[in-house]
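The following pair of complexes shares a single chain, chain A, combined with chain B in the former and chain C in the latter.
Right, the complex of A and B next:
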């Protein structure tokens, strides 16, 4: 059965995923947003934990991409706040080094995966697409 | 035509300058900036091999917002096709490996369409190239090992890279590798020197301890004199120190070893609780010279031995063993002299109790221009003001 172009577009819009990117470096936000766009994933960026929480109130996201080392409010705190607002929150943690302390801190907070910096972009692409496609 | 020649000359000039820079990060930054500007590309980045992780990490990148990869943010594993293509000669052995244009992928696909394994590799290679927004990739090898990978994006005018530009980039990339290797070598040598210095200091400290244990009343003396000397030296005007090569290092060793000559003096004299006879006193007074004689054969210890030899001279000429006067006494010895006296006065001795700090300070001030050099007493006074001793 041949679909009408307009319904195609609606279908496309409705399945397009949206990710919240949280990092305190402008350059990383810009790079990640562009990277996700090429994977046909929409994103909104937040430069601080506070901004992330505000944005999360007003939007729905499929996933949060969260740098654990933020200036100001820490990534762990951000995640705790988001969890209170939305018990189903899903996050991918970006971090310089994954220590067991971090894993206990964010235990039960909806962490899908840990991504260690420096990031292998192929790995990252695979991880994010696997998650998005399995939802 | 003229313009292209200019950019080549400019870049080759830059390449020559690079060899002189011993900082690998600064160097790569310069290269990337120059490439981006001179060739007019939207983006370029340099991935540098990291020996520890055996991965290629983004070392520098420049270009439009969103294209630029933040330093240290991304890496490429050495198993990725884009790395393998250059590092593994068994993969696509018939293809040239000095650069790769994204437009060549199409040709590869056609050429190897019947080889399933190779085709898979080529598709993954294509995926890698697009992840890093590359139009042109140029590798840099050092002794057949892939050391750097340049990713170069689209030109802002949308034109293709000319043969001349590509050739030049390959030359530049081998220059970059040489410069980075030079920088590393320089860094390694510096580290080796530091290591040698540390070893030397350990040896010197062991020697100083050997003297210390001989003398039961002065335990820890060498270490304390060294500590005081180093603090005083901080407040000595810079222009007085420049005459010496690495003043602080020499002072440290000299202070640690200032009493090394006592190693030749019998313990019963060193530890005698009652007053010394004239001949015993003469024996003790020989220790600066004996110490200097131990150190002088070591070529690198010339300045250090001065500190040992003259640390009992007095500014007014009434010290020993040579009755040197005023500025005839090397600065290094004058500092040790004050530090030595400070420790002697603040320590417990069989014939007297330790003096209080304010008494010692008074004593040292009253001996300015007499026992002690005025410059060193002034520096000492500052250490007192800032409560550092």
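Right, the complex of A and C next:
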């Protein structure tokens, strides 16, 4: 499908948006999935970076919601891998502290926005909807 | 034409002149050097004339004899003057006059009569004068006046009021003159034509003069014992070599072999002599060698001591105990007071250990020391300087140390056994002074290093607190994230549930429950936000603390503008409304501080002021509200050393009972719905006091307003 951008576009328009959520806390994953479902956005969750990469190989996602702090592989590494696989990858980063967490440069890795912990749900909702609707 | 005797006489006479010049250059003009010069002149006349006499023609010989003998007559008189002036003996004028008159009479007798010398004996080595009837009087007279002077000198060394080095010098002079007197009398006997060999006047005179010259010029003298031992060994060796070689020359036919043997013997005996001398010195000077070694060891160990006070104590005690001197004192430069202060004083009689002395830069003693590189004996100092030095002990040795860095000097008293400080001692002290100066430099460096270390340590501590704060904040935020997510879950679950089950609205009980649940979720949400604010402000403070920030001059106005911008961003106000902002400072007024710190301070204070105004605004009603013009005034004033920042508002103010708690961390009066964390004023105070070295205080009346004053030092 990736080789056919026009058909891809048609497909996307017809299909609900799909987001990959990566976090190492199951409660958060479950909530995020529910929260997005309320916004009529489909999501698949991954509990680790490795799983996220596996899932990304099999599926197409409009966006990746990525926690920087993960158990094994760090968020930045995951993003780098995804970027290799799909140069057009888009991600939203959830981080505790923007300045100290993102010491490595992630500017060219397709980062849409940063979401500061603890999450402000109304703010988050606004951001995600703006992005999805603009696509 | 010239024989050996004559050449030696010429050399001796010229040497006498040279010694006079030498002493004059070394010691300038004083009675000692003048009398010594007189002695030299007389000797020159005597020796030079006798040298001429040896080869003079028959007509001129009597002239040389007369002038030479006149010189000889002057020698005992000048010797006496010299000895007396050297020991500074109080002499009656009449004694000097009598001596002078007698000397003149003898000279007259020589020049104008035959009573002193009346004939010339022609020996096989040359002519020599013959004694007249009155010559014996001269012998008696010279023996008498020299003994008189020596007696005075002896009395002098027996007195208590004399330094050991001076005593040593006088002993040398006495010994020299004893020898001289014997030889002088012996020489006089030649006038009676008793001996068949040549007189040895030149040797006697030269020996005498050179010893005196050395003594006057403060040359460090050898230990008497060592010197006499050396002399004995030398004579013994000389006799040995001479007797053996003469025997060999007598019995051997081969000149080459005997010469070779003599050569080898001389060389080997010379080597042997050196070795024996070294051994003898070791034995005789065992004690001083011992302490010299100790001092050397101590000197090399000094570099390990890093505390200046302890080092000085150590030096003083080592010197005091090993050399066994009267006292030791160390003076160090005090640059603030422009003087040299006594830093340590150790003495055998411990009573004086606490005395305080200092010498100004301009003090003659200090001026004198400054020009000296090497240790010197206190006796060398000109009298007027020596008199200006007031210490409770007799100083024997001064050891200056004016190298880079630490400047100072050490004064040492006399040895307890009254021995003098020898040249070896002085060399050791020279080294000790260098080592000490190095060690003291080390100490000072170490002090600075320690201070720097402390600074680094504090900085590291702050950085680690910063790091810790960051870590803790991170953990808390992760938890808060979860809270936030779960709160959201709760909130949306309720909304969904209500949407999907319309019948709930009909049930009063259920509606109440759902309302309650909604309130809980909202409360949870606000609390998460508030907690996060606390974390953020701590994190922010840690960040400010851990950064190595530069003190600089910057425009105060820019900081104020930026703070108001931040304020409007925080409170989401697009229009300040009727808020009156008074800026009592010029646009280009600068402040000397750390910019980030100042930003934190001004922002926090303005934020507080704004919130106080809002609170008052909320309380006021009716007319009061209409007339209320909110106002924040910022004043900057500078006096020569202090910058004062005054921020005032007409907000709610602080109740009197709360004034003292304003700077206590986590103290807040703001209602819980607001974002107050209670850490703002605490942080402001810490920044001002710890980072900017200033102070802050508050004046406030409830319902009238608050004044915050900040004083910062100008550098």
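One rule holds for everything that comes next: the second predicted complex is superposed on the first by the 117 of 135 C-alpha atoms of A that agree within 3 Å, B and C clash if a C-alpha of one lies under 4 Å from a C-alpha of the other, contacts with A are read in each partner's own complex, and residues count from 1 in each chain.
Here, contacts are C-beta pairs under 8 Å (C-beta built on N, C-alpha and C of every residue); 3 or more make two chains touch, one makes a residue touch a chain.
Quick caveat, the model's predicted, so the values are computed rather than measured.
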{"item": "Room on chain A for both chain B and chain C (clash or fit)", "value": "clash"}
{"item": "Which of chain B and chain C A:69 touches, first, second, both or neither", "value": "second"}
{"item": "Chain B versus chain C as contact partner of A:33, first or second or both or neither", "value": "first"}
{"item": "Partner chain(s) touched by A:117 [first = chain B, second = chain C, both, neither]", "value": "both"}
{"item": "Against chain C, colliding segment of chain B, chosen among 5-13, 131-139 or 329-337", "value": "131-139"}
{"item": "Overlapping contact positions on chain A, where the chain C interface meets the chain B interface", "value": "25, 27-28, 31, 34, 38, 117-121"}
{"item": "Chain A partner contacts - residues on chain C that touch it in the complex", "value": "470, 473-474, 477-478, 480-486, 488-489, 491-492, 496, 528-529, 532, 539"}
{"item": "Footprint of chain B on chain A - complex, ascending", "value": "25, 27-28, 30-31, 33-34, 38, 117-123, 125"}
{"item": "Chain A-touching residues of chain B, taken from the complex the two chains share", "value": "55, 57-58, 65-70, 72-77, 80, 127-128, 130-132"}
{"item": "Interface residues, chain A side, partner chain C - complex", "value": "25, 27-28, 31-32, 34-35, 38, 69, 94, 96-97, 100, 117-121"}
